[in-house]
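Shown below is the structure under consideration.
In this document, chain identifiers A, B, C and D correspond to the written order of the chains, with residue numbering beginning at 1 in each.
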Amino acid sequence: MNAERLKKWKLKIHEVIYGTHTPAGRLFDLLLLGLIVYSVIIVMLESVPYIDKEYHNFLNISEWVVTILFTLEYILRVITINRPKKYIFSFFGVVDFLSTVPKYLSLFLVGSQFITAFRILRLLRIFRILKLVRFVGESNNLIRALNSSKTKIFVFVFFVIIISVILGTVMYIVEGPENGYTSIPHSVYWTVVTLTTVGYGDISPQTPLGQFIATMIMIIGYGIIAVPTGIVSAEYASGMSKGDTLDTGRACPNCSSDVLQSDAHYCRQCGYKLDDH
Amino acid sequence: MNAERLKKWKLKIHEVIYGTHTPAGRLFDLLLLGLIVYSVIIVMLESVPYIDKEYHNFLNISEWVVTILFTLEYILRVITINRPKKYIFSFFGVVDFLSTVPKYLSLFLVGSQFITAFRILRLLRIFRILKLVRFVGESNNLIRALNSSKTKIFVFVFFVIIISVILGTVMYIVEGPENGYTSIPHSVYWTVVTLTTVGYGDISPQTPLGQFIATMIMIIGYGIIAVPTGIVSAEYASGMSKGDTLDTGRACPNCSSDVLQSDAHYCRQCGYKLDDH
Amino acid sequence: MNAERLKKWKLKIHEVIYGTHTPAGRLFDLLLLGLIVYSVIIVMLESVPYIDKEYHNFLNISEWVVTILFTLEYILRVITINRPKKYIFSFFGVVDFLSTVPKYLSLFLVGSQFITAFRILRLLRIFRILKLVRFVGESNNLIRALNSSKTKIFVFVFFVIIISVILGTVMYIVEGPENGYTSIPHSVYWTVVTLTTVGYGDISPQTPLGQFIATMIMIIGYGIIAVPTGIVSAEYASGMSKGDTLDTGRACPNCSSDVLQSDAHYCRQCGYKLDDH
Amino acid sequence: MNAERLKKWKLKIHEVIYGTHTPAGRLFDLLLLGLIVYSVIIVMLESVPYIDKEYHNFLNISEWVVTILFTLEYILRVITINRPKKYIFSFFGVVDFLSTVPKYLSLFLVGSQFITAFRILRLLRIFRILKLVRFVGESNNLIRALNSSKTKIFVFVFFVIIISVILGTVMYIVEGPENGYTSIPHSVYWTVVTLTTVGYGDISPQTPLGQFIATMIMIIGYGIIAVPTGIVSAEYASGMSKGDTLDTGRACPNCSSDVLQSDAHYCRQCGYKLDDH
């Protein structure tokens, strides 16, 4: 009978942690969201020298609290799911793991900036929470439009890169190292800066011919910025008539994939029976 | 009988101040528009050291004249409306109040730059005037398109912020404080400057790897600029077939909300009888 | 009989100068186009100190030749048209006059840079030539789309200006003169530079709060760039189904307005009989 | 019979080099693609002083290997095609030739940077390979949209140039050489930098009037960026309903033009009988 109760407990915790269709599940997600945002702000503030100097202890303790809470959550996620391996090696499983590890490592590896900065990956956890919330259902059409224009955007980016390499080489020949165009990769970097209309100004053409070519590059960049926009606009408009699928806020207790239909009795991914509670 | 006359007077002044469907009301709005623009220009010129030095007296007197006129208008607005409290605590009521107060405060708090700059909020008053004028009816479709794409734009901005934080942290690790990326928030600032193609150039990547990542960020920024445009274009196009509602230029004398139908006999908001004059 | 011959001559020259439906008229336009481009290049080169130094004589003589040719053309335009006054005070009449005058004035007013630069207005003459050429007929739809979205674009620009003034004032308060934000107009200038994603970097926020606000301004700018694009896209798409009017390349010899229908017998503007030649 | 065998060999090699509808042809294209990318990376690395210094020998040998392979391929292309002259003087024929020559020339002309940089043109060869691959068929619609909006984009660019010249001259008069606007061409360069929202900041307006005009230019630039986008969006959307033509991956062994229909028996360009193998 104890096993039965344990199973029931596991199912309940699973519902709270993975699902959003119960009040407790929604509250849990909200708290987790707050914790993630709070921990990311701590990571950012820690990197500011004068803030870290003054509030070092407070930031350090906060970080430990957050890390321990994330660790607890990770353990609960692993033990309440039927197939833990699938979760552990899934994208969000790895992200959850990486959210907890850096702080523990910092005990052994003192001052390793690289590893502490890894904690920023906690931000990715937000996507999981949002995925389950209704509100993102709004952007389904957007994602569909981006998906169907993926190949075209890729072709476009590919053309931009080839154009940048050729024009960058031309500028390297015209301006030369004495005007800051020290190498072809550096000139290509400048060309991308110009073509995308970023324009830092750390390097800028000095010779009249270089400025003339730069003018041409800018006008080209101005013209081709229209292309990805045109693609997405058209795809998005054509997709607007199609309906949106609903999000039920439930997750399969077996494989943690989303349950998309509210009247589903079995998981669409693993066939697990959903409604035995 | 005096009360009757007073009531009639109140109604007439109300019509002039709040409405635009009478010649006097239109003239009043035009004068107010001129006064607002004039007062904002004074605030701006006052902040230019060499202009303030030379024309200090003229600017000061102008400011006092404008403040007194705005005060008079505010008093008239309060006494001619049936429910003054509703007006006083409405958005435009607060803006109207904040337009007059700073100058009076400057008598007691000498040299408080913060408070004098508050006067720039007078600009917001322009929106009230324009709201009542036909001409803005033109932009109804635009506002509708923005409204219906609000959530999507928000989701998009949210993604941009998350991407910026992650990429900013990557650049902080790659470039480090010695190249100007002094902290994670500062690197995130740089990432937004780059992703939005602003590109000040106050910080720019110095290492080859940093420049390579920056190049990638720029091309990503170039690609995703298409997303909000695509959304607004499609929403706007889909909204173009729908009709526009008319603006009658009248306001309810009781609660000051707009009267949208020219044949309305009662206020749509408070049920006040509109046509007893 | 002499008057008759003179009238015939006038008509012939008129056809060559104003029309493009005869081979001679097309050749004249082509030569004029070349002359305009040539003269603009001369004006530009004259302003470059080291080129002007070396080729001063050549540029000066070229300029005189161009000026005399433009003067001759101007005189011919005046005497071959039936109603010279209408031409002289028309937009292109004034532009034609201003194309010739500066060089003559330079004889009396030595070294007046302002007046010589006026010659750049000759560029506007290109629009007259192009107006008569078929090729621009292609952009009719574009002009129609711009025309119908004129008011909305204006409303949008108006909002951008108000937002810039308010945000500029906020930045003036936050950053202050010690960080380069010397006055409100200067801060507004910076805000426009940022909002439009130009980003010179001559001024950039130094305080953390200023950088945070700047980040917000950039993301706003990124979002609202979608608005004018969305408007023009939708208007253009909706206009694409409508037909384009043809351009016959003929002009009325009486009032110089375009003849739009190839089978027209009378001028649509002044009723002049067109086909008596 | 030897001639027969030779003809058969020629046809087989032709199929591998020019076509992509056989496994060998696809493998050849893949290898060529890799070789091109590899050789372009070598050209880029060679231009970086400290990399060239350390790995000079390795880069030099790699370059020789690539050059010899490209030379072999060029010779095979010439001898396996029926009309070599047509290939040699075609666009890709010239590009293939220019991909091999610079390294041989470097034996005679020591240190000629200009000629070695020519090798970057090898990048253009990628387009030939991609042209034959299915995947680009995806971008057919994009190319069609760009094609049909070509004239309008050109008209737009033309207007941008005229506006830039006029506004550049205005800024030259307003700011003058003492503020960095040394000549009209230089001011025009600045105007394009501003109008396209690149904004290097190497020159920026210093006078209040100049900053005011710059603000106007930026807002104009912000507004007109909508135009090319609107055109491409609308054209692309209108083209989306039309079908895409298929790419069969075959090329005519006589004139090397693409065979577009899979059931074609004769070359659409030169009438050569296609299916005698």
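Definition applied: a residue touches a chain if its C-beta (ideal position, glycine included) is under 8 Å from a C-beta of that chain, and two chains touch if they have at least 3 such contacts.
This one's a predicted model, so the numbers in the text were calculated from it and none came from an experiment.
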Item to check | Farthest chain relative to subunit B (centres taken as mean CA coordinates) | outcome: D
Checklist entry - Tell me which of A-D, A-C or B-D has the interface of C-D again, with more than half the contact pairs shared? => result A-D
Checklist outcome for this item: Taking shared numbers over all numbers used, above half giving same and below half different, the subunit A and subunit B interface sides are different
Next on the checklist: I'd like to verify one number: the distance from the centre of subunit A to the centre of subunit B, where each centre is the average of its C-alpha atoms, in whole angstrom.
Outcome noted: 33
Next on the checklist: Just the number, please: Cα centre separation of subunit B and subunit D in whole Å.
Outcome noted: 47
Checklist outcome for this item: Residues of subunit B that touch two or more other chains sit at 156, 185-186, 188, 197-201, 225, 229, 231, 233-234, 237
Checklist outcome for this item: subunit A residues touching subunit C in their complex are 197-201, 229, 233
Next on the checklist: Can you tell me which positions in subunit D touch subunit A when the two form their complex?
Outcome noted: 40, 43-45, 47-49, 113-114, 117, 120-121, 123-124, 126-127, 135-136, 138-139, 141-142, 145-146, 153, 156-157, 160-161, 185-186, 188-189, 192-193, 196-202, 225, 228-229, 231-233, 235-237, 240
Item to check | subunit C-touching residues of subunit D, taken from the complex the two chains share | outcome: 151-152, 155-156, 162, 165-166, 169, 172-173, 177, 182-186, 188, 194, 197-201, 204, 208, 211-212, 214-215, 218-219, 221-223, 225-227, 229-231, 233-234, 237-238
